[in-house]
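In what comes next, chain A is part of two complexes: it sits with chain B in the first one and with chain C in the second one.
On to the complex of A and B.
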C-alpha cells in the first residue's frame, strides 16, 4: 500500500509537470520542467517494485535518470544558449487554451482508461490515464508550437508517456532492448539538436512554421 | 556469422566518421558494399545452417529484403563515388532557387551511409520485436544527416519533418510492443517464433491494439497514407542516391515491421482483422498517390508519390494473402530495383538540366541518349508495362485478388494503376521526347552538357535486373518469394 502511495505521488508529479509544459512560454522553464518530470518518472518503477529491489530495475532507473534527467536537459540548455532564443512567443494554440485543452484531455484519458480497464493487473489506477495523458500532451505540444526546440520537448514528453505505459502495464523488456530504446532517444535528441543549430544559422530563427516551402 | 552483416558496415562507418580522410572514406564505402554483398550471398547459400536465437535469425522475408538492400547499396556506392568526385570542394549552385551552398563534410556522409546500411541489415535479421524497434529507429537516425547533405534551407526543412514525424510514429510502434507484451500477460518473450507458436494464448483485444500501433508507427516510416507527409519532401530534397536507398530499401524495412506484426495476428487467427486494415490502408495510399501524381510539376516528387503508390500495392497484396502475397514479394523486389534506377537517372537529369521542374526538361532523349533511354524505360517499368518485372508482379497480385473473389477491390486497384499510368505518361513523355523549346533556356554550362556515361552504369545494371525478372523468374527465386510471403503470414 505504502509503495503504491509513493508511486501515485510521483505520477501526480508527472501530471502536474505536463500542465506546466503546456503553460510556460520560456524555454528554460520548459527544460527544467522536463527535468523534474524525468526524475519523477524514473522513480515510479522503483516505487512500484516489491520490497526486494531487483538489481536490473535499479540499474535501469539510474540510467533513465542519467539520460533523461541530466544529459538531455544539458543538451537542450546548450541549444537554447547557442541559438539565443528564450521564449516561444506566439504558439499556434494560446497558452490559456492549451491548459484548457489539457484539462479536457486529462478527463478524456481517465474515461478511456476506465473503459480499457479489462483486468486488475494494472499496478496503479492512476498510471494508465497519466501515461495516456503524457502521450497526448506531447502530441499537443508538437502540433501547437512553432519553435523546433519546443517540438523536441514535446517529443520527449511523448516518449515519457510511452515509458509510463511500460510501467503501468508492468512490461519487462530485456535489458538490451531497454538500453537500445534509451540510446535511440538520446541520439534522436542529439541529432535534432544539431539540426536546430543548422536551422538557426540558416534562417536566424527556429520557427518551424516558416519551414513551409515543401508542399503540394 | 549472421551478425557480420551488421557489424562490418557499422565498423567501416565508424572508421570513416573518425578518420575523415578523403580517399580512405571512399575506399571504405566500396569495401563496405562489396563485403556486405558477399556476406549476404554466403548467407543465402548456407541459410539453412544458420540457427535462430532469441534475438536474430534469417528467414525468407528477411533474406529477400536484405538482398534488395545489398544490391541497391552496391549500385548506390559506385554512383556515390562518381557523385562525390564531381561535387567535392565546390560551391554548388542550387538548381531551384539559384543560391550557392556547400555540402556537409564527405566523411559524415559516407559514415552515415554505412551506418544506415548496418541499421537496415539489423532490421532484416532481428527476430525480436524490441530489437526490431531499436533497429528501425536507428535507420531514421542514421539517414537524417544524409537528407541534409546539401546545406540549404529546403534540405533542412525536409530533414526536420523526417526526423520529427518518423520519431513520433516510431514512438507509437514502441507502444505497440508494450501492448503485444501485455497481450501475452508478460509471460512470453517478444520473440517472433515464440509469439507465433503461442499465438492462441494472446489476449485478442490487446493484440489487435498492438497491430494498430504497428500499422500506424511503422506505416509512418513506410509512407502509407495518410501518414506519408514526410516522404515526398525527404525524397525530393535528398541527394538522388539517398532517395534511392530511402525508397528502395528503407521503406521495405519499415514494411517488415508491419509484416512481423501481421504474422503474429495470422497465427492467432485474426487474419481478417489485420488483412482488412492492410487492404484499406493500401488502397488509400494508392488513391492519394494517384491524386498527387496528376499534374505534379516536380519530377522527383512524382517519383516519391509513386513510392507511396507501390507501398500501397505491397500492403494490399499482403492483406489479400495467398497468391497476392507472393506477388507482393516479387513486387517489392521489382519496385526497389526500378525506383533505384529512376532516382539515379533523376539525379543525372537534375545535374544537367538544373531544374526539378518537369516542364523545363525537354528532349532528354536527344541530349542525353543513355539517361533519357533509361528514364523512359524506368517509366515503362514503374507503371507496370511489359516486359518488365512489375508487369508480372502486378498481374500476379491482380490474379490473387480475383481468386479471393474481391471484385470491387480489383476494380479500384486497376483504376488507380490506370490513372497513375496516364498521369505519369503525361509528365514523362514530354520530358523524354518533347521537341526542343527555344524559350526554355538551359542553365547548364555547355561543357556540363556532355553526358557522363559512367553515371548511368548503376542505373543500367538495375534496369537489366528488372528486365530479366520480367522475362524469366528462376524457380529458386519464386520459391524464396513464396516462402517469404508464408513467413509474413501470406498464406
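On to the complex of A and C.
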C-alpha cells in the first residue's frame, strides 16, 4: 500500500459517496454520507503531499475535517430533528434514474477533463474528473429534489467539488482564503438550518416547489 | 506444471462444492443461536435424491429431461476455466471470460426453458423473474470482467487474476475494490441468495429460483442442486481471486489460500443472510443499478 493507492482510494471514496447521495432517500443517511465524504476529502491533500508534510496542509486538513466532518453534520442533524422530516419521498427525478444520470455524468466528467488543457501539473489523474463529478452531483441534487434540506446537502456537495478542484490543480491558495471559504460555508449552512426550521414551523413542510404558491 | 496437476482445482470443486451450503447454514445457525444441520447435509440430500427415480408429467417434453443434464455439464465445463488465485485453470485461452459469461447464460436458458415446459403458471412466473434479474446481473458481470481485462491487459481469466494487485498500477487496484462490491451483488443474485431470493422458503410467492425447479424430482433434482452448488463455488472462487490482495507467487500456496478464501466467502454469505432481510422485489432493480454504477465507475476508472 503506497501513497498513490491511498489517494486513489480516497478519491474513489468521494465518487462513491456521491453515488450514495444520489441513491438515498433518508435524510439521516444523506448526512452520514456527507460526513464520510468530508473525511475522505480532507485526507486527499495529505495523501497526495510529498513525504515531508507542510504544517499548513495538516492544519487545513484538520480544520476542514472539523467543520465539514463534524460541525456541519451536527447542524444538519439538528435541523432534521427539529423539522421532524425523515425522508425525501417524491423527488422530481426517481432514484434509479438519478443513479443512471450519475453514471452518465461521471463518464462525461472524465471525457471533459481529458480534453482539458491545463498548465498546472495535475497531481493525480483522477482528481479533476472527480472534482467535476462532485460539482455535477451537487447540481443534480439541487435541481432534482424537493426538500430544502436535501438541497442544502446538494450545495455542500458542490462546495466539496470546489475544494477538490483546488486540490487537483494544487493551487497554492493562501491559508486566509481557504479559511474564508470554510467560514462562508459554515455560515451559509447555519443560516439555511435556521431558515428551514422557520419555513417548517410556518408552513408545516419544507418542499421548495410549494413555496412559489404562497398566499398571505 | 502439467495438466494433471491443474485438474486438482477442478477436482476440489467437484468434491467440496456441496460443503459450501453446509458452511453457510452453519453460520446462519450460529447467528440464530441454533445448533444447525450437519455440515454434510447437502451430500446426504444428494445421495438420497440420486437413489430415487424421476417422475415426469405428461405435458413435458424432452426439454424438461435434458435441462438438468445440460446445466450440470455447463457448470462442469465452466469450472474448467476458473483459476483459484494464482493457481491457473485447466483451460485458458484468449477471451475465455466471454465464453464463461455466455456458457453460464446457456445454463440459465435451459433452466428457464424447462420451467416453461411444465406449463405451470407458477413456474412461468419464476422464469419471468429469473430472466428479469439476470437481465440486470449479466451486463454487470460482463462489465466486471471487462474491467479486469482492461486493467490488467490480459485476455484470459487465469492471467487476469494472476496479475491483479501488482503494486505498479494503483488505479487498477482502486478499481478492484469497486469490482469486489459489484461482484458480491452479482454472486448473491446469480446464486439466489438472500437479499434477492430466499433459498430457505418453498411455495412462497416471492421466490425466484426455487419456484422454477418445483416439478423436478429424483435424479434431475439432484443434478440441479449439485449444479447450483458448483455455480456457488465458481462465483466464490472468482470473487475471492479478485478480492484478496494476496499473491505469494507460489501456485500451491495460492491454491491453499484460495480454497480457504472460498470457505471464507461462504461464511460472509452466511453473515449477510443472517443480518439482512430479503428485499422487496420492487427494490431489487435499485440494488442492481447500484452494482451497475460500481462496475461502470470501475470501468471508467481503468480506461
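Basically, the second predicted complex is superposed on the first by the 207 of 216 C-alpha atoms of A that agree within 3 Å, B and C clash if a C-alpha of one lies under 4 Å from a C-alpha of the other, contacts with A are read in each partner's own complex, and residues count from 1 in each chain.
Throughout what follows, a residue touches a chain if its C-beta (ideal position, glycine included) is under 8 Å from a C-beta of that chain, and two chains touch if they have at least 3 such contacts.
Everything quoted here is computed from the prediction, not taken from an experiment.
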Room on chain A for both chain B and chain C (clash or fit): fit
Touched partner set for A:204, first chain B, second chain C, both or neither: neither
Which of chain B and chain C A:110 touches, first, second, both or neither: second
Which superposed partner A:125 touches (first chain B, second chain C, both, neither): second
Winner by number of chain A residues touched, once chain B and chain C are compared: B
Closest Cα approach, chain C to chain B, once both complexes are overlaid on chain A (Å): 24
Residues of chain A contacting chain B in one complex and chain C in the other: none
List of chain B residues in touch with chain A within their complex: 55, 128, 130-131, 133-134, 137-138, 140-141, 144-145, 148, 151-154, 156-161, 163-164, 167-168, 171, 174-175, 177-179, 181-182, 185-186, 189-190, 203, 205, 232-233, 236-237, 292, 296, 301
Touch list for chain A against partner chain C, complex: 2, 4-5, 7-9, 11-12, 15-16, 19, 23, 95-96, 99-100, 102-103, 106-107, 110, 125-126
Touching residues on chain A, where the partner in the complex is chain B: 118, 121, 135, 139, 142, 148, 151, 155, 158-159, 162, 165-166, 169-174, 176-177, 180-181, 183-184, 187-188, 191-192, 195, 198-199, 202-203, 208, 211-214, 216
Of all residues in chain C, those that touch chain A in their complex: 167, 170-171, 173-174, 177-178, 285-286, 289-290, 292-294, 296-297, 300-301
